[in-house]
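Scrolling down, you'll hit the structures one after another.
One chain, subunit A, appears in both complexes that follow, with subunit B as partner in the first and subunit C in the second.
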Partner chain A sequence: MVTFILRKVASGIVVLAAISFLTYFLLYYSSANIARSILGEFATPEQVAAKEIELGLDQPLLPRFFGWAGNALSGDLGTSWFNSEPVARALMTRLPITLTVVVVSIIFIAIIATALGMAAAVKRGWIDRVVQGAAVVGDAIPSFVMAIILVTLLAIQWQLFPATSSIAPDSGSAAWVASLTLPVLAIVINGVTSAAQQIRSAVIKQLEKDYVRTLRSRGISEREILFKHVLRSAAPAGLTVLSLQFIGMLGGVVIIEQIFALPGMGALAVTSTTMGDIPLVMGVVIYTVIIVIIVNLLVDLINGWLNPKVRVS
Partner chain B sequence: MSEIEVLADQSDIGQKGTVVRSHVIKKILRNPMGFIAVVVLVFMVLLAIFANLLAPFDANFANIGKTLASPDATNILGTDSVGRDVWSRLVFGARTTLLSALLCAAVAVGIGLPAGLIAGYYAGKFDGVAAWVVNILMALPGIIVLLTVRAAFGPSVWISMIAFGVLLSPGYFRLTRTAVQSVRNELYVDAARVAGLSDWAIISRHIFSVVRAPIIIQTAIVCGVAISIQSGLEFLGLGDPSVATWGVMLSEGFKNVYLNPSLLLWPALAIGATIGALVLLGNAVRDALEDAEKIKPAKRGSVQASNGRTAPGRAQTTAVEAGTEHHLVKVSNLGVGYPQADGSIKKVVDNVSFHVDRGEVLGIVGESGSGKSQTAFSILGLLPENARIVAGSIQFDGNYTVAPTDDRVSQSRLSAFRGKRISYIPQEPMSNLDPAFTIGYQLVTPMMRVLKISKSEATERALALLDDVGIRFPEKTFDAYPHEVSGGMAQRVLIAGAISCEPDLIIADEPTTALDVTVQADVLDLIRDLQKRLNVGVILVTHNFGVVADLCDRVAVMQDGRMVEEGNVRDILRNPKDPYTQKLLGSMLEGKEPMTMLVSAGVTAAEAAARDDESDEKETLQ
Partner chain C sequence: MKFGPKSTVVAVLTAAALALTACGGGGGGGGNAGAPATTLTIGQLQDLVSFEPTDAHIGHTMPYYQAVYDTLIRRAPDGTLEPMVAESWTYNAENTVLTLKLRTDVTFTDGTKLDAEGVKANLDHFKKTQGRDAYQVASMDSVAVVDPTTVAITLNAPDPAFTYYLSLAAGLVASPKALGTEGIKTTPDGSGPYELDTKNTVKGSQYVFTKRADYWNKDLQKFDKITMKFLADATARTNALVSGQVDATLLDPKTGKQAESAGMTLTSSQVDWAGLLLVDREGKINPELGDVKVRQAINHAFDRKTILTQQLLDEGTPTDQVFGPESGAYLPDLDNSYPYDPAKAKALLAEAGYAKGFTLKLPSIVGFEAILAVIQQQLGDIGIKVQIETIPQANFVPDVAGGKYSAFYFQLYQAEPWVAINQMISTSALYNPFKSTTPELQTMLDAVQNGGEKSAEEAKAVNKYVTENAWFAPFYRINQMYFTNKKITVEPQLQQAIPSIYNYAPAK
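Right after this comes the complex of A and B.
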């Protein structure tokens, strides 16, 4: 088990290194006029040249990358080129908001989709048709379009929720809940439909297994078969779906945050990439990838615990 | 028209000359959802192709004097905040959006498919490297990458769609690789290789035909995802502002949501309808290829209205026919059928009658598809959900489990017997144990539930049972997971499970078919030994007359769902009356004397005769 974890962690670190380099490599070619845009159009060529040396833009790709990576390894992700805010601090103030939206959403999705998917698989009938029909609708409407619809109807037309968030450090929990309801709702509606559909097929696949028939023949109750055996065997498939959704959400939430003016990582990602603020872009990418690697590691661990075959090998 | 549009990627990747077979297209169109999807997509594609003719204005032509106007004769959908015609922009937006989705899918297929083919067909180093790259790509959140790409290359729809295509290529890679791996070792591919066909010929002929369908479905999904992400980027204001797309229109509409919410409506509708149509098309293709003529789940009683059978009532206590109570199991004129799409019922068991008494072994013999397993599962009440009892009755120990008017097996009545007095030995040992639980757990739990004994007592019994069925290290097997034991061991475990709650009747469905020949004899010995010792009734479903001769007192021969002959084993082996039985016996014994077979199967003639006498005695007792 320990070697299993170590191997996963090691491969995560390699992935992180590869992605960092790839991103840095891509951004290297976009940084040509960066000093000029930082200083504004009235800066003299000498000032621009001095700024380029200050930022290290005069150096070739590899020394620049390793300089950045060395600092990053010691915990220093640099400062923003445009407003001189330390990258780590900028991320740490934004990340909790983004993570709250994503984690709360995925928890709701996991619970609702499991309940719906299992009900559809076991009961069939109308609930099955609803789940399958909803899957098409959910797939057809991207979460940000769903968010736009919700804002237009619930916030602007009927004024039930605030259209834009009012999250400030001193705002109470009620303001938090009110601000986060619509963003979470938009993500959940979109995610639940497809997750329920996939959990449904995973459960049906397990229900058709021979061992389920044998368990029935042994006098085990339907309830015990469903919750102990079928759910456990269908769980890896469900977890994979949820982890893929989680990764997708980290991207999708960027747009959602813009719609609701949530001061999360999304706003940071958009401004830093449009301006070419390389330290900040790298920070956003690194943090996102680390989150993804942690989630994948967790999923691998849970799957290992659920499936003895994986555990042994 | 539109299928070709969506399936375009597919026609240029192989399968030369063979587009999708016409009956598949017909099936898609006959499916109402598929038809709607095709209509919507055809409409969108026509909009895109004839945009120049359909749009009265250029996408960027702005009439500054007429902003946020309501629909009128000139601007049929109104104008936006700078006075541009909404309809014209919608039409040109269709072109950009559809083309960018196709570009994305083409890139994804172009990378994923060849890589998947090579990795699946040749495996080796390439496979390892590719798997690595896939892991990296799948760990990347799409929008973050696209934002980075935009920072590097500027705001171009086409560049971001190429990048997104690369990100989506693992989908095609995995799908192709899995399909190729499963086909690569098929016999017909080996045969083609032996026949001297080149790798390329094998790939194009045999392997493309396998991956074609999943790729079409995947492409429909990828196009939908591409449209969604692209409009998302445009919505963020990260697109090229000079190009009209649905995402840009959405963004523009959202800025003016307080002034004119209807500006949001059209692009949102266009996006939703197009992606929805792609999803539906994917589903329709899948259904058509799966040949899933969906059988309407027959509502209770609806099919049976014609023959007067109804769902079994909970408290139905019809008395069984007098004088038959002493039979352990009595099956009378049983018919089992499956409702078909056209409302008819396909019978798989027809007019089958037999009985089994305590301590008696009945063999049900027949080739696959003869209905023997369906008959056995009717007694266990473990028929598939959609199966219907169309005729006859089943009684167990003087109680109906299927009363003469029931249309299915009453689960409430059967649950009083199943696991407690009727137990089951399955055919394929490995798939009948839950891989996630230890063997011990799977033996102990039923005993705790059925016999209401404590866990420690059940554990003790389970260990004794494992010892009883000839497992050498019961403790070790008890703690093992199913994948850690051999097939023969697993079958012994299942037999231990079947006898664990001291049943009166064991139903064994081809208990030795899936085992190695050397293990088969051991398992048969075990069953015979246990049957004698515990004096249980056994129904042994098999296709092997050797097994029948070895174990059974009486035998029922089935063919095409009907029972062609039933009687004493000895009589039928010596003197088969039905031509089908003769044929079965002829093929089994290969012209030898039945006695030779009996001896070679490990039973001496004296033993066989003794058993014969026993069953004769029973016959006279009745």
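Right after this comes the complex of A and C.
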């Protein structure tokens, strides 16, 4: 088990290093005018040149990358080039919001999708048809369209929720719940149907297996078969879907954050990328990759715990 | 254990109901409570860089600074300059020394009293730091303290826009103790009508300002609290306004329709002009553009009215000139210079020797796609083949100002004549990358610079010259659509997309 984790962590570090370099490499080629953008339209060429030296923009790619990587390894992600805010602090104020949206959404999706998927697989009939139909509709309507519909109905027409985030430092959990309900709802509606569909087919597949027949013949109750054996065997498929959704959400939440003006990572990623704020972009990328690696590791571990066969491979 | 879909639905509904009861006043009531509003919430398009005055930039971020800093001079909504920290000001006969007489009852939030030394420290700091709006003090040579309440600013040449600049970033005064420190970036130290409530402020999301107790001019404190929410997305701004989360915000023609139908009040003003800047008048990249007939042909190629309808749902006014009606340099007749006439355009091209047309490369960034498609089609109709080159947003201004393109589409604000001249007409102007000029034009520019009070009048000749010589191909002036709810009123500010914070008042 320990070697399994160590191997996963080691491959994670390799991925992190590779992605960091790739991102830096791509940003390097679009960073020609950053000093000019920082100083404004009216700066003289001398000022621009001085700023480029100050930021190290006059250096070639490799020294620049290793300079940044060295600092990052010692825990210093630098400061934003545009507003001099330390990158670590900018991320720490925004990460909790994005993670809350994504984690809460994924928990809801997991619970609802499992319930729906199992119901569809076991009972078939109308529930199954509804789940199947909903999967098509849910996939077809992107979460941001759903978000706009929800805002129009629940925030503007009925004034039940704030239309845009009202999260402030002094606001208690009430403001968090109120501000995050619609974004989470939009994501859940979009994500739950496809996850339910996956779980449904995984459960059906298990139910057709010989061991289920054997268990039934030994007089074990349907409930026990379903929850103790079938769900456990079907879980890896569901977990894989959920982990993929989680990772996709980290990117997709960008638009949701814009619509609800949530001060999360998404807005930060968009503005820093368009402006060419390299330290900030790198910070966002690093944090996101680390989260993805952790999620993948957790999924592997849970899969291993649920299904010993996975551990061997 | 029963865990069917029914119980799940019940669980979700319960959670939602809990959220509802908890959110209470979170949504902010949209109705008018009767009593005059004591708070103002503004939906802002841009986030603040920092509270350091040298980071201030004309346009969408000025209200953040206006809340916490006074300016030396205050600009009234109609553009007249009024006393603020400077009680009065006078120029010498040559318009090169500006003497400011300061108020004596102005204090900063750290308790320091404002005096001539402090004002000098601010101006020197602004010049030395070379922030984004440092061009505003480019003509400033030195600042002298005459006595504790008088400063004399010496200019290296007359600058008709200098007093106007003192109502903008260059005129912001911060406590001399805080200037240039790290602290001022997040905690402003000014003498303005409000102070920042750092506890309730979240960078990148919302800024909360509370009324200062000992402010010298109670007339400028119409609210107890001002909140500025950064809402980059137009849909988010519309939703926030319509649902009562913000009291005022800037929208566009499309989202504006939604706000209007929800009963919001529209305050419309014109700030920007949009169109082509035909900068390669020397013919360095496109020899064709060196010929005035070709530039005039381009002007005749555009059906401005139809473009306006398509692009902005008619929220604007077609125009052939780059100076606005309130600038003082506007000439109504010039708007008939280039009626839509493709046949005439083709004839002009033929006269210039380009009957077969030519190829013109135009840069594009995100958001320009639709208008550039129209330009491509209309110029294509007269035989000019437009090649669209999409470039990163951050590269646009550096590239066009660096002379990489012979022409480009842009929106520029219609400023005071001298500001506009230094923006796109003089040889040092950013948007005159090929430094086009003629002795004739230079004489006119000198007359504006030395014109003192009459400088706007003198600028009419400049306007006529650049229009007749087709330096640009303007399409229209754009309506800025500023919306407010019934709780507050607002007066538009001349030449500003969004009003200054002094222009808001509670509805009576």
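FYI, the second predicted complex is superposed on the first by the 311 of 313 C-alpha atoms of A that agree within 3 Å, B and C clash if a C-alpha of one lies under 4 Å from a C-alpha of the other, contacts with A are read in each partner's own complex, and residues count from 1 in each chain.
Note that in this section a residue touches a chain if its C-beta (ideal position, glycine included) is under 8 Å from a C-beta of that chain, and two chains touch if they have at least 3 such contacts.
Remember, predicted model here, so these are calculated numbers, not experimental data.
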Subunit B versus subunit C as contact partner of A:Gly276, first or second or both or neither: both
Subunit B versus subunit C as contact partner of A:Ala178, first or second or both or neither: second
Which superposed partner A:Val137 touches (first subunit B, second subunit C, both, neither): first
Which superposed partner A:Ser84 touches (first subunit B, second subunit C, both, neither): second
Contacts of A:Leu39 with subunit B and subunit C, given as first, second, both or neither: second
Touching partner for A:Val145 - first (subunit B), second (subunit C), both, neither: first
First (subunit B), second (subunit C), both or neither touched by A:Arg94: second
Which of subunit B and subunit C A:Ile156 touches, first, second, both or neither: both
First, second, both or neither for A:Ile259, with subunit B first and subunit C second: both
Subunit B and subunit C footprints on subunit A, overlapping residues: 30, 148, 151-152, 156, 258-259, 274, 276
Residues of subunit C touching subunit A in the complex: 1, 3-5, 7-8, 11-12, 16, 18-20, 22-24, 26-30, 47, 49-50, 55, 57, 130-135, 138, 185, 199-206, 208, 229-233, 235-236, 239-240, 242-245, 262, 392-395, 397-399, 401, 430
In the complex, subunit A residues that touch subunit C: 30, 32-34, 36-37, 39-43, 47, 82-85, 90, 93-94, 108, 111-112, 115-116, 119, 127, 148, 151-152, 155-156, 159-170, 173-175, 177-179, 181, 185, 223, 227, 258-261, 263, 267-268, 271, 274-276
List of subunit B residues in touch with subunit A within their complex: 135-136, 138-145, 147-153, 224, 228-229, 231-232, 235-236, 238, 250, 254, 257-258, 261, 264, 268, 271-273, 275-276, 279-280, 283, 297, 380, 382, 385, 415, 418-420, 422-424, 426, 428, 431-437, 445-446, 449-450, 481, 483-484, 494, 497, 501
Residue numbers on subunit A that touch subunit B, as the complex places them: 11, 15, 18-19, 23, 26-27, 29-30, 124-125, 136-137, 139-142, 144-145, 148-149, 151-152, 156-157, 209-211, 213-221, 224, 229, 232-233, 244, 247-248, 250-252, 254-255, 258-259, 269-270, 272-274, 276, 281, 284-285, 288-289, 292-293, 296, 306-309, 312
